[in-house]
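Heads up: the structure comes next, in structure tokens.
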Amino acid sequence: MNKVKDHLLQGILWISAILTIVILVTIIGFIFLKGYKLMNISFIFGDYSPTGGGGIWPMIITTIYTIMISLVIATPIGVFAAVYLQEYAKQGRLVRMIRFATESLTGIPSIIYGLFGAVFFVATLNFGMSIISASLTLTIIILPVVIRTTEEALKTVPQSYREGSLALGTTKLQTLLKVILPSAVPGILSGIILSMGRIIGESAAIFLTAGTVAALPEGIFSSARTLTVHSYLVTQEAGDIELASAIGIVLIVIIFVLNLTATYISNKLNKAD
Amino acid sequence: DNEDSSNARYTLSISGSTSVGPLAEKLAEKYEQQSKINIEINQVGSSAGITNSIKGVSEIGMSSRDLTEEEIASGLKETIIAYDGIVVVTHPSNKVGDLTIEEVKDIFTGKVKNWKQLGGDDMEIVVVSREDGSGSRDAFQEIVGYSSSELIKSALIASGNGNIKNTVATNKHAVGFISFEYIDDTVQPVKINGVEATTKNVLNQSYRLSRPFLFVYKMENLSKEGQSFIDFILSPEGQKIVSDAGIIPLK
Amino acid sequence: MKTAVQLPKNNSFQPQNNKNAKISVHNFNLFYGEKQALFDISLDINEKEITALIGPSGCGKSTFLRSINRMNDLIDNVKVSGEIFIDNENIYRSNDVIKLRTKVGMVFQKPNLFPMSIYDNVAYGPRMHGIKNKKVLNHIVEESLRGAAIWDEVKDRLKSSALGLSGGQQQRVCIARAIAMKPEVILMDEPTSALDPISTLKVEELLSQMKENYTIVIVTHNMQQAARVSDRTAFFLNGEVIEYDTTDTIFSVPKDKRTEEYITGRFG
Amino acid sequence: MSGFMEKSNRRKYFLEKLSGKLFLICAFISVISLALIISFVFFKGFRPFVAEGYNFIQFLLGYDWVPGEGHFGVFPMIVTSLYATIGALIIGVPIGLFTAVFLAEIAPKPIVKILSPAVQLLAGIPSVLFGVFGLAVIVPFLQNYLGLAKGQSLIAVIIVLAIMMLPTIVTVSETAIRSVPQSYREGSLALGVSEMRTIFKVVIPAAKSGIMAAIVLGMGRAIGETMAVILVAGNSLMIPTSLTDSVRPLTTNIALEMGYAAGIHQEMLFATGIVLFSFILILNFILAKISAKGGQ
Amino acid sequence: MKTAVQLPKNNSFQPQNNKNAKISVHNFNLFYGEKQALFDISLDINEKEITALIGPSGCGKSTFLRSINRMNDLIDNVKVSGEIFIDNENIYRSNDVIKLRTKVGMVFQKPNLFPMSIYDNVAYGPRMHGIKNKKVLNHIVEESLRGAAIWDEVKDRLKSSALGLSGGQQQRVCIARAIAMKPEVILMDEPTSALDPISTLKVEELLSQMKENYTIVIVTHNMQQAARVSDRTAFFLNGEVIEYDTTDTIFSVPKDKRTEEYITGRFG
């Protein structure tokens, strides 16, 4: 009887995993099948041309810019915020409030972030439609993910590590930097990877704040177009699924490389394990 | 190609409609070659573009819808730079290839629910419309003669020409409307009152489904570079680019 | 300072007004939330002696030990009253817990090495206190591991993870990590409970050597160990100190019947 | 004399204080952002009700949404959002969670090595492409297999959202499950309890907090999603009576019309945002309650 | 079956061809990756006896103990060779580890209670094996906690988290959790190392009682304990069994010099 149940449970796990794999393969397969024909050197490294046949190099650069800047801003803020909530704050009203705020941020549709960013960063702070406005908007979007995943990672660091370190007369900060955060790296990393996904996948929040200028950005105050915004525009107006899919392939490769890099860095940080 | 652009070059910022955007990009590409300015085009939607031009975030806004009274009151001026033809499209397998304006109205208001009633196969009609506020939709409804509240409730709403096209292309029951420039062989254009949807027929006014593309700006924000770009668009050279792009020139 | 202290009411012994007292505890109470775990503890712990804390499981030995370096601060809802003086400084008044914990090292009941290499575990404390010179660190690490009777077993695998060690090995590396800081006081919570007799002997020898320089407080379940290594012994029961005296007295002529019962039930 | 006694730890305490403050500020940034966004949305969204005399109750419970004629009722969208979110959770959470369990506990190593990063790839595919995929694959599939006139439907929305939640749920829960101490598993297995029951009775409960985080974040992704949904929902303005009806959730309403909306119409879209906001707050509140209950 | 077994080469003793053998180990080797932790272990463990495993820290006692219920299966990169028979069944051939572990209970070196209430921890095993009746469960829980000499301390807080207990209390609840399953064999890895003498005594009494029904294998660092409770003792050194004999023999006339050295260095 128990055995039957066990097999059943195991079956459920396998089926779920297989479903996930099927979904993955279908989607990625779809994107590759639809998009591979457009792939060539000049498509990737060429400049954009509004009359067609151009490449997507400016969008690739813009995408990388946006990811880097958003992560550089959001990761420390998010990790530190999680550290505050988990390691410093007395668990109480304040913490619950911050946590609630953070979680409520996750469900706001990106178009609202975009409109907010357009009013706040673009107009009020006068950053203009620019990569920096978009990155700041994206920072708000991904903060909840970074904060929450980091918090969870911190929770799993055994209390005995903290005790062991503090008992040696180290400060909380030292304990945090040398013992706690390194042990939490895998969790933080998964948050960062998810955030990269969120940044890459975003369109509405970006085109309202960075615009859609299809040229190589001259700096972080330039308007620019990310790959996803590009694929959004070509789907929306031209309905060009092949082009959107080709952009999808490029994005998948970018994410793949970034994830590998992130994992590599985390292994480096964690080498004693 | 902006690589050789130096700081000395003037940057003209334009933002707005995603339907006007592609055309504006093509015009800008040509104009940048002969003038000494940079043109930044941001396709963020008509309303955002209009707001940007009112707030001075952009010098010129692009709109595919008419300005509201409020917007005009805030001092915006408009210039029509081209016309956009609108065509009713069905799935390529659909046998119905010609409709009267009345029939189109009956379809979109739900009076006619089956293609059989229009001489097609016995199957349900799936209506695909643009979203509320869309310039194409406003123009289409006005010319065909029904209001938003008359639109059949079960109509699918798609944002943008591309999404309508893809929706119709993947559903043999469907009927929708898109701009001329997006027509390709994945969908089938329908004649209206026997008249084919062509630029020529729009210009000779035998085909009635069209609406204007606008540039909007506040006079006090418009630089001489901005003015000369508008002048370029209205010139024969500019209008040739318009018609090459599959869009209807002014004359 | 001593004069200001009220004498405890419930306890059957009097604090000794010893000038040597390194640690002096007065009417110390500790609560885990509502639950009181320590009741009116008062005792003096002498400098350069070994003081053993004995008593049945759950009587509050670890809790008391952790009060001496304010490790209980980390637990939510812990409340304390009363005073603990170290070198005549009230440790619950001073805000310098770093100084306190640098001065007062600790070895925990469960080994709690960090997920780092053995070397990095031992070098952790000194590094955090600013020592960067490789040679000096190497020296400290070797000396400490030798001191904890574990050098020979790990010298070839200093760079491999400390978590791959056996339980007893881990405990000794914990001791090494604590003594690497050269504290003045060392608190040890059953440091040899996971050790084999030989390692235990080595650690006990180490304790006797260290006594010359350090003040040591040790929790142990092992009566013989308490008898063998300690100078004074405190017997805890249900969060109270029942008796505190020289080890000889406790083990030969205990004053309290409960102490005697506990001791004579002995066999460890 | 202690080996490492510095004369003064003032510098360390200063750093300690400083870092504490810095962390506090960081924590407040999300509160400030939320406050700014809320006030922005509320400022815009409440004006029609305050200054123009629109009735908020009518707005909430109204059936008609015809911006051109001044009819603004979002009730069908509220119902749709509710169905879509719950539906996506019902499908996405178990698949995601079980996949995470599979990856963390029973999958052969080579499978983990490939599948884990592959799932994370899924996280970075732009939502537009999910929508395109939905439109090109899921919608026609539903059309053909259910014999519908149109595949744009509530069920299509639910499927797309469930898929989009997957990476978040899988990745976050997998990390949580992996960090459950091995000693828990050992303790259970040593009692002759099977691996499966150990997983379900000890490991998953021990990872509960992380799994809740996964659900909250996944749900956030699902609620906030617009671009993909626009393409597969159909966006019709009806109260869904079956899974195959085409529908318009709150988010899509905003994203769909914001590009061209002006004046009252635009403000009403912000008002839709307020409703959405309350919706999120209530859901988060319920989830927090559930997870607190499970914690006892 | 016995005849097929090759006699060990390196070891100084011969397995006893004892009909009573509950557990029979033949030429058992275990590797952690490249590193060999157990070398050619061969010994028979008798039914309804207590067998003690002694030896210095890191010598492989825990590793060997964990081999008997295949707990090492959980560690990556562990490879074994040789055979272990329980009730004449080769446990490494059979795939039914659940049956094996139901039959062979275990108490770990570090207490490893689940993050549940005390009651749920003890009731966990029986529940997982299908017992749902509340009364029966209550009975099992009480009996097991009493058996582990912890009932009185926890009877008022059965519903509160097991993780709030002191180290020794946790260890006893672990014992209770293991005996709640009424296994045939109980493996105990230093079960009393964190216990005070009285609890230790109680657990030892319990062991003696249980001996009537169960086969017990216990790792201990405490020579007296080994001498006091066990019938047979195996002395491990560097992953080998140096000597295995009746406890009397081992402690009075050990055959191997190393055993003698270890025993006489005794003091625990």
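Letters A, B, C, D and E name the chains as they come in the text, with residue numbers starting at 1 for each one.
Methods note: contacts are C-beta pairs under 8 Å (C-beta built on N, C-alpha and C of every residue); 3 or more make two chains touch, one makes a residue touch a chain.
Keep in mind it's a predicted model, so treat the numbers as computed, not measured.
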### Chain hops separating chain D from chain C, counting only touching neighbours
1
### Message
Just to be sure I understand the contacts, which chains border both chain C and chain B?
### Response
A, D
### Summary
At the largest C-alpha centroid distance from chain E we find chain B
### Far-end chain from chain C, centres as C-alpha averages
B
### Message
Count the C-beta contact pairs for A-B and for B-D, then tell me which is higher.
### Response
B-D
### Message
On a C-alpha centroid basis, what's the spacing between chain A and chain C, in Å?
### Response
47
### Query
Taking each chain's centre as the mean of its CA atoms, how far is chain B from chain E in angstrom?
81
### Message
So the centre of each chain is just the mean of its C-alpha atoms; given that, what is the distance between chain A and chain D in Å?
### Response
15
### Task
Indicate the residues of chain E shared as contacts by at least two other chains.
110, 129
#### Entry: Of all residues in chain B, the ones touching two or more other chains
18, 44, 48, 159, 163, 166
### Summary
By the touch definition above, chain D meets two or more other chains at residues 4, 12-13, 132, 136, 181, 194, 197, 255, 258
### Task
State the interface residues of chain A toward chain C in the complex, per the touch definition above.
90-91, 158-171, 174, 178-179, 182-183, 272-273
### Query
What part of chain C is in contact with chain E in the complex they form?
32, 54-59, 62, 109-110, 153, 164-169, 172, 190, 193-201, 221-224, 228, 262, 265-268
## Note on the structure
As the complex stands, chain D meets chain A at residues 4, 12-13, 15-16, 19-20, 22-24, 26-31, 33-37, 40-41, 94-99, 101-103, 105-107, 111, 115, 117-133, 136-137, 163, 166-168, 170-172, 174-176, 178-181, 194-197, 199-200, 209-210, 213, 216-217, 219-221, 223-227, 251, 254-255, 258, 273, 276-277, 279-281, 283-284, 288
### Task
Write out the stretch or stretches of chain A touching chain B in their complex.
47, 49-51, 118, 122-123, 128-129, 207-208, 211-216, 218, 223, 233-241
### Message
Can you tell me which positions in chain B touch chain D when the two form their complex?
### Response
18, 44-48, 50, 65, 68, 70-71, 123-124, 126, 131-135, 147-149, 153-159, 163, 166-167, 170-171, 173-174
